[in-house]
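Sharing a structure, written as structure tokens. Questions coming.
Chain naming follows the written order as A, B and C, and within any one chain the residues start at number 1.
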Amino acid sequence: MEQVEKMPNVESETQKSKSLWVHAFNQLIADPFAKFSFIIVGLYALVAILSGLEVIAGNWDMQFGDGYSAPSLKHIFGTDLFGRSVFLKTIKGTEVAMSVGLVTAVISMIIGVALGATAGYFGGKIDEVIVWFYTTVTSIPYIMLLVAITFILGKGLIAVYLALGLSSWVNLCRLIRGEVIRHKDREYVHAAASIGASEFTKLFKHIVPNVLHIVIINFSLQFQVAIKSEVILSYLGLGVQGRPSWGTMINDAKQELAQGVWWQLAAATLAMFVVVLSLNILGDALRDALDPKLKGKK
Amino acid sequence: MSENQKILEVKDLVVEFNTDRGLITAVNGVNFEVYRGKSIGIVGESGSGKSVSALAIMGLIPNPPGRVKSGIIKYHGENLLDKSVGEMRKIRGNKIAMIFQEPMTSLNPVFNVGNQIEEVLKLHQPELSKEDRHVKGVEMLSLVGIPSPEKRYKEYPHQLSGGMRQRVMIAMALACKPDILIADEPTTALDVTIQAQILELMNKLQKDLGMGIIMITHDLGVVAETCDDVAVMYCGKIVEKSDVKSIFNNPKHPYTKGLIESIPSFDSTSGAAKGRLPTIEGMVPSLFELPEGCSFQDRCEFSTEDCRGSKGSPSLTKVNEGHKVSCFNPLQ
Amino acid sequence: MVPILLGTCFIIFVLFNMVAGDPTQLLLGKHATAKQMLELKRELGLDRPFFAQYLDIVKSAFTFDFGRSWSTKQEIIEMIKIGAMPSLTVSIPAFILSTIVSIAVSLIVSFFRGGKLDRIMVFACVAMMSISSLAYILFAQKFLAYELGLFEISGYEPGFPYFIPYILLPVLIWVVLNLGPDVRFYRTIILDEIYQDYVRTARAKGLSEKMILFKHVLKNAMIPIITYVVIQIPFLILGALLIESFFGIPGLGGITLNAINSSDFPVIRAMTVLSAVAYIIFSVITDVLYTLVDPRVRLK
């Protein structure tokens, strides 16, 4: 991993900001895959919001009939053990997935950027301590970290947010640190200092915008990793409680498959597949558009 | 060895690149010849097409995005552009060798120097035994003036200075005694003193081995020191071609004149002594929006209506014996 | 190394000894009396000062004396000794096979970079990564093992060669799960090298694209690849957590999972310490391996 951060970034000068962002956006829009993925993610977000506002799928826990009825025109994804619509559960699960993705990515972004920028910018002892801290965190297996945090916080959605967020910031922190180190001695930063910018202004107003592309790329990556991790937490019995999520639905399939009930697994997997794939494609497109170093290698 | 034996002839070479912003013609109808034991300098700013011409001779134009659209590269009577990939590989590094601008990164960091030299021999002279290769490799290192070659042989590129690395590159390129050596800015990345040493070495080796050299550079100083002939390139075309003396004494193209004048010198008649170093005004036009007519018109103090397209593009025309220029208003 | 280990132990200590709630409550249930809880605390050594507890964790990183499990009362080190073998019989073959397959595939796609095959494979990798690992396991167990009977559904028998039929499907799933992310990573590394100057030199020497890729590029790419591969090794123990539990393999993953389900802190802590120690050891090994492939490090 070290190699990656040491690689010189060909064009990350200050003036890149505007034109690069505009250029990147145009490139993104020109790529039909990326555009389509963007729309899909938007649709999922819309569904999640509507579900959160109880506009749709508010009646997910209603019993519609027999348990485990196979997919039909009435219930396109069939029903679960309690006769609840798998379709509505999937929608309700979208709310959990999207919120888990968003909140986790935000938490890990805040920690990663704050620590990474501080370490890279101030260097010296502060840097040593932060590097020591994240190396220490890396040495603990991800799953154990998740488990420990959920033990502390108890079970539930908030615990899932925090467990995933607090255990996933290291990579971003490392990247930001490397990038800030590369930027801090550039002329534009000295120029800012010479007109009396404070350390804080220099760091957050002048340097951070120049490493923003890494944050954005990482954000889309973190988003989908969190959605996938929610499934693992559910399997470990540490996931969300009392409401459907894709994780709990997939986890339920452990018992269901033996009885030939596949639709709950299929619905949750499909819903997850589409959004995670879209986020992946979007992440790749963002990387190609924002990180000129990698251009032409796709 | 007969004098003036033509070993390579480039005729009407056109190379195109497909870019994000559309098609560009990086090399547009270039002609030049390489003679045994002689050096031709190809001079121009970055983007003038000089390196692309060299890569075309090597058959190394990255495709896509680039491709040789038309032209002939005649080597010993055969057109290299008609050769198969396999045939070209037998020529590259063997008959036609190339060295590059970046000696720091052009050697593979994880193989030792000897290994990298022997690799060429193994490839092109498979009849040599392992011992023979070793002997020859060490010989090459001493030939390019590397002290204690036996010891250096086992060293890795990072243990050598830039100048040493360029010497290793030269040793590698000359290992199979090529007919032609293409040197793409071989000294640009080096210190001035090292630069002179490397150029001197190349001159000496050329005399010993009798190869033709294509010296690609943006530095007319390098040309003056090493070349017999010069071709000046601008925006994908050769604008002036002559022997090295005539071009320095009597440049015909305003661009060439500008280049010569902008060479810093301690000579009191020009440059530094008189104050500011003269420069060529303006910028090289983008290959996407080349003007009609002469590409140099916007930067040229002598340009007239003729240059702006009414008479088409200027073509390379003979002005003196062995001196051609592509200009409607050549200097006297 | 030592500061890292001390730090890791400290985090483990903070997580499990200081803030993870009162374990005696968990163990005794809601109706425990204060006296019972106090007794249990003394029995488990939880009434001792924090510093002593922290020191125990640090010590255990060297002595592997992790104490006894709260739920099974076994010596944890004995549990680990028993569980290690089944775990390793799955994870080692799986890891080796998956590394070879992923590197091979990424070399092939790099060779045909920009072409159809490359683009299809890159997309396939992303698509494969977009499916939950749980879904893979459930699907494979249900259809490949149960319906088609190609593999054992679950179970394990110790001893060579008896365990082989039981590890086939877990190994296959492991390879498939890792293919997407690994190929993407290796491909990026290899392509990073393909655009270096020394590759141009190799071409100018007349080498074929195959020779360039397999000799020049691969040897350079090995440097980051080795880091990536070696640093995964310490996580092999727990990496198979899901697979082990689904296929009823009585390994460390299963032990960890039971410990999580029963809030068996000493066992979870032991597994975490063990992984962290392994991580630190393997970081050192990575540094040593560097010197074998990278002459620039060797001579520093």
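Note that contacts are C-beta pairs under 8 Å (C-beta built on N, C-alpha and C of every residue); 3 or more make two chains touch, one makes a residue touch a chain.
Predicted, not measured: the structure shown is a model, and the values here were computed from it.
Engineer: Out of curiosity, which chains are bumping into both subunit A and subunit B?
Structural biologist: Intersection of subunit A and subunit B contact lists gives C.
Engineer: Among all other chains, pick the one whose mean CA position is farthest from the mean CA position of subunit A.
Structural biologist: Ranked by distance of C-alpha centres from subunit A, the top chain is B.
Engineer: If you tally contacting C-beta pairs for every chain pair, which pair wins?
Structural biologist: The chain pair sharing the largest number of C-beta contacts is A-C.
Engineer: Any idea how many Å lie between the Cα centroids of subunit B and subunit C?
Structural biologist: Computed value for the inter-centroid distance: 53 Å.
Engineer: From the mean C-alpha coordinate of subunit A to that of subunit C, what's the distance rounded to whole Å?
Structural biologist: Spacing between the chain centres: roughly 22 Å.
Engineer: What parts of subunit C, by residue number, touch at least two of the other chains?
Structural biologist: Those would be 223.
Engineer: What residues on subunit B touch subunit C, complex-wise?
Structural biologist: Interface residues on the subunit B side: 58, 60, 64, 89-94, 97-98, 100, 102, 105-112, 119-120, 123-124, 156, 158-159, 169, 172-173.
Engineer: Please name which positions on subunit C make contact with subunit B in the complex.
Structural biologist: 114, 196-198, 200-208, 216, 219-220, 223, 293-296, 299
Engineer: Which residues, counting only subunit A, touch subunit C once they are in their complex?
Structural biologist: 1-4, 7, 132-133, 135-141, 143-144, 147-149, 151-152, 224, 228, 231-232, 235-238, 246, 250-251, 253-254, 257, 262, 265, 269, 272-273, 276-277, 280-281, 284, 294, 297-298
Engineer: Under the stated contact criterion, what part of subunit C meets subunit A in this complex?
Structural biologist: 3-4, 7-8, 10-12, 15-16, 19-21, 113, 122, 126-127, 129-135, 138-139, 141-142, 188, 191-192, 195, 223-224, 227-228, 235, 238, 241-242, 257, 260-261, 263, 268, 271-272, 275-276, 279-280
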